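Multiple structures are listed underneath, in structure tokens.
Both of the next two complexes hold subunit A, though its partner changes from subunit B to subunit C.
Entry: the complex of A and B
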């Protein structure tokens, strides 16, 4: 068991709490940097996708995991980012600029969607974002002059100032770098007043308000940051797909994204990336397994959604902390060995929570 | 007497046909412990919710340090220097004790969003300053042992203290305590009484509290106001109020009517 002897407030402020963390994240960094030499081009493409979905996961984590606002419309923000990037890239904008515009545009959309969040909460907010998802999908389909409608829109490769990101490793580095930057930004936010205000709103709006936190301002901010991150992922996603059409940004996609953060582990940064890895790996696992299943089951059209659904239900019932929870428990087990108790993470019902002031 | 810190005049609030608080007036002087007592449903907590702007009064005024509180948004009350606790504990359950206390420092935020996202030196300096002030509260309330524990796993008595700590972390001029001793055992109530006295004497914070435990009330209060059904019954020193016929009647009923 590791005891950290604290002698300085900075020990609680810094990101790496002890040498072990520095070592393991260093190893991760080296593996990520060396990935083009370690993995095949296909695997590299999958890693890029994990980074992209990881950024979406971060965005959803800020909103749902830390501020407690559920959104079933996040594919729409992904769409705003993707289409903004595609359209600007086609006009020859350098990618750092067009990425920034895509992020800003998504964030503004986020603010607009966030406005109902000031009035409705819980399931009603989820429905409002769902409606927004439908509306945006429809706008993308109908605004043919800009988006190409159902016939789709080809996306140019990212280029800036005569320099082009053509190869898979180059694109992989771009995705990974942005994922790391986004992660650091969110981590920084979480150790400052803004991040704590989000958590406060999630856990008790009434006392957050009494502590001087403006619910309206911080909920809107949370929506903006979340949508901005998702827009960034969208811009990368556009280049990854090379071709955009409205059916990539449906409500089903939104649900998948939400599932990703729940399976990964709601309320943890690790969860965003674990969930992303899961979301990318699962379809491949299913297609690898399908030939071994009875034909009637293996070739059934609804196989993938069914498996997704079952897994989500399983997680919510048995492991609400998601994949991060597995890892966390395994770590605790090893740290405390042999003193780990089974009931250590059992959830307790709280009887004191009052709903009177809502 | 000096200029009152909190001045409440003719305060009324009506929920549909129910007059929860009707034409209440009282002053809280700087540096005193002022207690509201009364049977259940008397409107004590409603008065608190009116001061912290969770409810909007039907009529009347609330002035704090000469300022009209009713002009302000609910989240601006803390910045004015009014912090509160809740009857049923409203802590941030999934956060650690330290984070809860740091959230109490929110009104002292002085960094911009950019400072925070990039964690510029300004953000780091602010974090250190928050921590230093929070540590003083930790020290006062003996919370060292629980600093890094999640609130969700803490016993009730400790949560009650954490909530007091969070309110103190705001750095208030006026502290609203809603039943600080409810659910506490004798020893914990004793500690609470000492802390309330410390807060008043050493920190110079004015305390307005709602409390049922009369021994605690008598021990710490300078003045007491008794309420029943939204109206003021009596006001004065703890002993005066306890001996007041209207108060005895509200708690025990009218003598002679039992058949």
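Entry: the complex of A and C
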């Protein structure tokens, strides 16, 4: 059992609450830094993908997990970032500059998409973002002079000032570094007044408004930050895939991203990365298991969506905090050691509150 | 004349959107959640009807009845198994569950060996019959769609307004807790509305099937029905139909007069314009909470 005796207000907002956390995050940092020597090239590529999806997860977490606005159009932001990066890289822009432009473009798109959010909420907002997702997908497909349309667009390797990121470890370091920077940025954001305003809006718009929080400004800002992070991930994604086509940025992809944060654990930073790992690992786990299943079941194309759907339903029914919830409960159990009670996280029985009155 | 012909084909397509949107609106009106699996329920309905007519050899109408009954039962089961346990959870968690249900339904149908990955034509007695009136051509299956939509909408509207159960559903949707205190069996009503909504989806499925084909991904048309429901104002039954018609006509006209590609996104452009301009839709009610 651990008891933290607080003697300073700064302790409430410190990133590392105690020495144990410093130690374990240090170990994680060392493992991540040593990964090129520890893992095979294939595993390294998967780790890079997890970092990329983790950044998307962070973006969605800021919007959905902390501001309470739902977006079913995030694949569009991913697409904006990816295409911006691909086009600029082809023109020979150094990657730090083109990344910044990709982030800025996505953020601007995010502000535009967020405009309806000022007037609508809940499910209406979800449908507005869904509509934007469809429209952006169609624009990417039809603007052939810029994006290559359905025939696709090849992406150059990231290069800057005569220096090229060619090998898998180099790209892995780039992804991991950006993921860490993004995580620290979001963690920092959450302990500023801005982050607190987001959480206040999520918990109750009316009380947030009464406390003097400008809903319009903060919702737009949340959309911009979320889209910007997703655009950054998109830029990395473009280099990871090496070839872009519009069918990588469909609404189904958006739904999968949303699933990712729900399975990872909505409203937690850990959840973004746990969900990303889940999203990468699940198809591989399924294809690894498929030979052991009866042939009619194992080779069926519907196996993956079925398993996805079942896992999503299972998490929402039994573990609303997602994969982070498992970790959180285990940690609480250890911290409180002899005093953990079984009913501690039991959900209260409740009835639905109307969203129609606003 | 061309405009008129395009409008008519748009209207019949719009009726399909309206029928699916009717299912959304029913569930939204009674439980204030949005069922993202509505399109998949429709797909299941079409497959159930197909199974009844081709494999059991039943006549078309018997197949329709069987499909409606099967889907109503399915809706009840889904509500009992996955939605009732999370009653009162944040609205979007419930929406995610319906997305999951849709994934599972689509995946399971594709997994049926030798059946799920094929595309079928759906036999119907009125298929391929056309009516001609002064140069205009309209298919009989479209007329059936329009007629059924109007009748279903009228029945649902009357049921919500004039029956005890309908009024109870409206009460439950405005404030579940208060409705519960008033002795309204909120949970059973939720189950009932899921059954009804799945039955409406089955009707949409067996009506759409003769016009298009039956396949596992036909549920994606449900994504076009969202704009219909929003344009009409979520929570308004006539609004769903009007919204569906509007979307159908806009789509049909833009497919002809605007460059290629606009047909697919016309519905979404309309819904965005609507959300920015008049967020509550054409027939939506505006309420504001006073603190």
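Definition applied: the second predicted complex is superposed on the first by the 349 of 358 C-alpha atoms of A that agree within 3 Å, B and C clash if a C-alpha of one lies under 4 Å from a C-alpha of the other, contacts with A are read in each partner's own complex, and residues count from 1 in each chain.
Operating definition for what follows: a residue touches a chain if its C-beta (ideal position, glycine included) is under 8 Å from a C-beta of that chain, and two chains touch if they have at least 3 such contacts.
Just so it is clear, the structure is predicted and the values come from calculations on it, not from any experiment.
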{"item": "Contacts of A:188 with subunit B and subunit C, given as first, second, both or neither", "value": "first"}
{"item": "Which of subunit B and subunit C A:262 touches, first, second, both or neither", "value": "second"}
{"item": "First (subunit B), second (subunit C), both or neither touched by A:304", "value": "second"}
{"item": "Partner touching more residues of subunit A, whether subunit B or subunit C", "value": "C"}
{"item": "Partner chain(s) touched by A:213 [first = subunit B, second = subunit C, both, neither]", "value": "first"}
{"item": "Contacts of A:145 with subunit B and subunit C, given as first, second, both or neither", "value": "neither"}
{"item": "Subunit B versus subunit C as contact partner of A:251, first or second or both or neither", "value": "second"}
{"item": "Doubly contacted residues of subunit A, that is, touched by subunit B and again by subunit C", "value": "206, 210, 350, 352-354, 356-357"}
{"item": "Subunit B to subunit A touching residues, read off their complex", "value": "49, 52, 54, 73-79, 83-84, 86-95, 98-99, 102-107, 109, 111, 113, 115-119, 123-124, 126-128, 130-132, 135, 152-153, 156, 166, 170"}
{"item": "Contacting residues of subunit A [partner subunit C, same complex]", "value": "64, 70, 115-116, 119-120, 122-124, 126-128, 130-132, 134-135, 138, 141-142, 206, 210, 251, 255, 258-259, 262, 296-297, 300-310, 312-313, 316-317, 320, 347, 349-358"}
{"item": "Residues of subunit A defined as touching subunit B within the complex", "value": "9-10, 12-13, 185, 188-189, 191-197, 199-200, 202-204, 206-215, 221, 267, 348, 350, 352-354, 356-357"}
{"item": "Residues on subunit C engaged by subunit A in the complex (per definition of touch)", "value": "28, 31-34, 82, 85-89, 91-93, 95-97, 99-111, 113, 116-117, 173-177, 180, 186, 216, 223, 226-227, 230, 234-235, 260-261, 264-265, 267-269, 271-272, 275-276, 279, 285, 287-289, 291"}
